[in-house]
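Scrolling down, you'll hit the structures one after another.
Two complexes are shown next, each including chain A; its partner changes from chain B in the first to chain C in the second.
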Partner chain A sequence: MIQAIAVKLILSAIVAIASIYVGLGLKGVDRKLAARMQGRIGPPLRQPFWDVSKLFQKENIVPYHAVDWVFNLMPLVAFTSAIVIMLYMPIGPLKPVLGGFGDLILVVYLFAFPSLAMAIGGFSSGSPIGAIGAQREMVVMMSYELPLAIVVFSRAMILSSGGIEGLTLKLAIDPWSMVGMLGIIGLCLLLASLLMVIPGELAKIPFDQPEAETELAGGVLAEYSGRNMGMFYLADAVKSLAIASLVIALFFPWGISSYFSGLPELGGYAVTAWALDGAFFLLKVFLILLVSVTVVRVVMPRVKIDRASSFYMFTTGAIAAIGMLLIYICINGGF
Partner chain B sequence: MAGKSYTLPIGPVHPALKEPTMFKLTVEGEIVTAVDVQPGINHRGIEFIGMRRNPLQVLHLAERICGICSIVHQYSFALASEKAAGITEIPERAQYIRTIMAELERVHSHLLWAGVAAHELGFDTLLHWTWQLREWVQDVLEIISGNRVNYAMYIQGGVRRDISPEVIQKLKVMIADYRAGIDQLCKAFTDDRVFRHRTMGVGVLTYKDAVETCAVGPTTRGSGVHKDVRIDQPFGGYADLDLDYCLPEKMGYENNGDTYAKTLVRLQEVVQSLDIIEFCLDNMPPGPIRWESNMTKLLQHMKKAEGEALGLNEAPRGEMIHYVKLNAGDENVSIWKVRASTYNNILAWTKMLPGCQIADVSIIAAAVDPCIGCMDRVTVVDQDTGKEKLFSNEDFYRASIRKTRAYQRKVSP
Partner chain C sequence: MKFNKTFDRALWVFHLNTGSCNGCDIEIVAALTPRYDVERFGLKLVGSPRHADVLLMTGPVTRAMAPRVERIYRQTPEPKVVMVIGNCGCSTGVYYESYNILGPIDKFLKNIDPDVKIIYVPGCPPRPEAIIDATAKAWLVLEGLRGDA
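Moving on to the complex of A and B:
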């Protein structure tokens, strides 16, 4: 028993540290690529690491009107919840570390946590800019929760129809092979709506209204500095890895090691196969973030808050709902 | 959130504002219900400094009022001091060179504005593209004058540098490249659906409001007001040109004074400026470039001169006025007053902002292309009582003398 807990703790620590590094690395790649697309040279790939290490050395200023314990607690909540999401995610060839202690519904709620923490932090800062940013954060969050929930439940519907526990996040359950033609169209629509949710979830242009630099001077983050700001920065980095992992877990849970035979093993463990699958996983994460974050934020301006809300509630929500309907028809109608 | 309003400060320093100024917005939810503009944070007492220098020195000081519309300040001051000193025979070639420089500056100023507008909407890619295009005109300005920002081209009675045939060739290449570049830029701005959505019907300045607030430049032309100093009171090389007002209706849009209309006006003006430069290059007469090339003689003339005059000019942001008074026997400029275009345009904010969303504040504020450095006076707020005191030049002078005396006492007991 104690041994099992110890193993989980060690694994959790490894996953946490690894996801921080990978998340920051992805941020660096994103910034470099976006810069290249805009005709700039861009920062070096290591820039996010320097940013974080600098933020953690800086003075941590708490505004005079802030509720200081909430103000200081929220970055920690955001950061830890982002890490906890990663513990529930199948990472490449590895099973989720906390796989037995929760299912997809928990993960969806955990995704709401960093945004919620940011909003509470913004409200507690006592600054009108923070308060408006927090209001916007809540509005955007409530809007994209609908398509996100539809996507998750549709996928659960497919798995249940195949006799598998629907809400599980176990490794490599391929939804594409479990449905017919109509279901595949439905899955494509669901994937599209999930990719649309990502910029909102990560507060990136065109859905960065909560932080909107030129409108709110950073919005929810306006009053944050030093260690707290660094914590939010890390939370953002880990969250982008987590949301990409969610897309992979729901739609692309395949590895590539099974296509190679005779991979060398080390002490009875298929280390080479794991490394191969891990690398493939990172490639998938990179591609998903490239499509849904980097390219989108380069080609689009920021939209207004009402437009963002209606986009998620109606456009994305409708696409996801149609996808769900198609899958339902496919499963129950036998198409 | 209905009925619950609070104040949102934009400024004194804010990412949406390129220069320090202050708005206090009364906000209900996301809607702005009232706006209080409190400028007065970027005053540097330049007029005061100028009144302790001779007209030739002030030329270069005038340029440093602003980093973007630097040359129009120099142009206006040169015009005003020439009139005041009775210098009327400015060589034609000099007038054409003056016009070319002023129009080159308009091109770079409007491109800068277009980039800023894109940035205010969070469209950083367009910002970088626009500013990349702007680099060429800056390079050309550097080739002509040796500098990217403060060109030091004008002098009373002419210009300080000639434009050689090689540079004219380079200018022509630049203009040809720019026509294609501006075309693409126009497409990027007018075709983008989100840009149209974010600017159409946003920050509307009606014809009536534009006239009542005495707005100038593209701000007022966007509302359909026919106002342009270059056409209304032609000066220099503009007198030979057949110009027309740049109005949004020329690009098939109504003159409704919204931010989109103002964008169209500015994009048109860039093309118009290219036309003007091309005309001036083709028709530039040969001849001298100065009324008096001996600086000492010129200074002596200015010293003896007596008179006062207004120098009017169309800056990229609108009408700009320099008032200069010269007294005989006084080497310095006796009175120098600058009224930059932003001073007029800032009033338009109070008409444009109420009723908009917070998200629109930055683009509306940017739509008049505010140039705070040109405009500001200083205000001191007493933190304990909340009272505001406006400091005049005289106050600064006295405070400065007081401080000097205090030091003197300290040094020599």
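Moving on to the complex of A and C:
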């Protein structure tokens, strides 16, 4: 019993540290690629690491009007909840570390946590700019929760129709082979709406209204400096990895090691296969973030807050709902 | 306080117009464009003084801006460097002895904080190359703050 807990703790620590490094690395790749798309040279790939290191050395100011314990607590909550999401995600060949302690619905709620912490932090900063940013954060969050929930529950519907008990992400099951033609169209629509949710979830252009630098001076983050700001920076980096892992877990849970035979093993463990699957996982994460974050934020301007809300509530929500309907017909009608 | 080497590779810049004619501000924007691209040195324009390491100030301090300049300077977390862009900020330039200004930025800030660290970029307006050169000088100033050599 104690041994099992110790193993879980060690694995959690490894996943946490690895996801911080990978998340920051992805942020560096994103900034470099965005700069190249704009015809600039761009910062070095290690830039996010330097940014974080700098932020942790800066003075940490708590504004006079802020509620200081909430103000200082919320960056920590955002950061830890982003890490906890990663513990519920299957990462390449690795099964979710906390797989037995929750299900898919818990993951959906965990995704709301970092945004919620940011909004509470914005309200507690005592600044009108922070409060407006926090209100916008809540509006965007409530809007994208609808398509996100529809996507996740449709995927759960497929899982439960195949006779898998519970809604855990424990098993990497290919959804595309479990449905017919109509279901595949439905899955494509769900994938599209989930990719549309990503910029809103990560507060990236065109849905970065909560942090709009030119109009709100940083919005929810306006009063944060030093260590607290660094925590939010790390939370953002880990969250981008987490949401890409969710897309992979729901739609692309394949490895490539099964296509190779005779991979060398080390002491009975398929180390080479794990490395191969891990690298393939990183490639998938990179491609998903390239499509739905980097390209989108380079080619699009920031939209107004009401447009963002109606886009998620009606456009993305409708696409996701049609996808869900198609999958329902496919499973129950046998198409 | 001790700061390690990463500090001067990730300077975040807040731009504050203390009463300039907008000429220098255009040159600052030019330094961010693809031709000069200061982001390759890790510089980033931020929206809030709370996030900033460097305060880019343009123009002489006008009477209307004076209280705001003081507040924004105090809102910036330590360690910080002030970069004065343009002749007007360095020496009041064409506004010399004008009735509605309080003087150059360095005199004004030294009344608020005697230890203020200032980098001067003269020119009317200075070229983006001069601004990029001044960010290198900002690194030198911050290296002076660094504990380990």
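The criterion applied here is as follows: the second predicted complex is superposed on the first by the 333 of 335 C-alpha atoms of A that agree within 3 Å, B and C clash if a C-alpha of one lies under 4 Å from a C-alpha of the other, contacts with A are read in each partner's own complex, and residues count from 1 in each chain.
In this text, a residue touches a chain if its C-beta (ideal position, glycine included) is under 8 Å from a C-beta of that chain, and two chains touch if they have at least 3 such contacts.
Here the structure is a predicted model, which means the values were calculated and not measured.
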Check: Counting only touches as set out at the top, which of chain B and chain C does A:D103 meet: first, second, both, neither?
Finding: neither
Note to self: If we overlay the two complexes on their shared chain A, which of chain B and chain C does A:P128 touch? Say first, second, both or neither.
What the structure shows: first
Margin query: Quick check on the superposed pair: does A:Q38 touch chain B, chain C, both, or neither? Answer first, second, both or neither.
Written below: both
Note to self: Touch test for A:M229: chain B only (first), chain C only (second), both, or neither?
What the structure shows: second
Next item on the list: With the two complexes superposed on chain A, say which partner A:R302 touches: chain B (first), chain C (second), both, or neither.
Entry: first
Margin query: I'd like to know which partner A:L216 touches here: chain B for first, chain C for second, both or neither.
Written below: both
Next item on the list: For A:P206, select first, second, both or neither according to whether it touches chain B, chain C, the two together, or no partner.
Entry: first
Check: Between chain B (first) and chain C (second), which does A:S53 come into contact with in this model arrangement: first, second, both, or neither?
Finding: second
Margin query: Per the contact definition in the header, classify A:D277: touching chain B only (first), chain C only (second), both, or neither.
Written below: neither
Margin query: Need the overlap of the two footprints on chain A, from chain B and from chain C, as residue ranges.
Written below: 38-40, 129, 212-214, 216-218
Notebook entry, point to check: Which positions of chain A touch chain B when the two form their complex?
Noted result: 37-40, 128-129, 131-132, 135-136, 205-206, 208-209, 212-218, 298-307
Item checked: chain A-touching residues of chain B, taken from the complex the two chains share -> 1, 6-9, 14-16, 27, 29-30, 118-126, 128-129, 132, 192, 194-195, 197-198, 357-362
Item checked: Interfacial residue positions of chain A with respect to chain C in the complex -> 31, 35, 38-44, 47, 49-51, 53-54, 57-61, 129, 212-214, 216-218, 221-226, 229
Notebook entry, point to check: Which part of chain C faces chain A closely enough to touch in the complex?
Noted result: 1, 3-4, 6-7, 9-10, 12, 34, 37, 39-42, 45-48, 50-51, 53, 75, 77-79
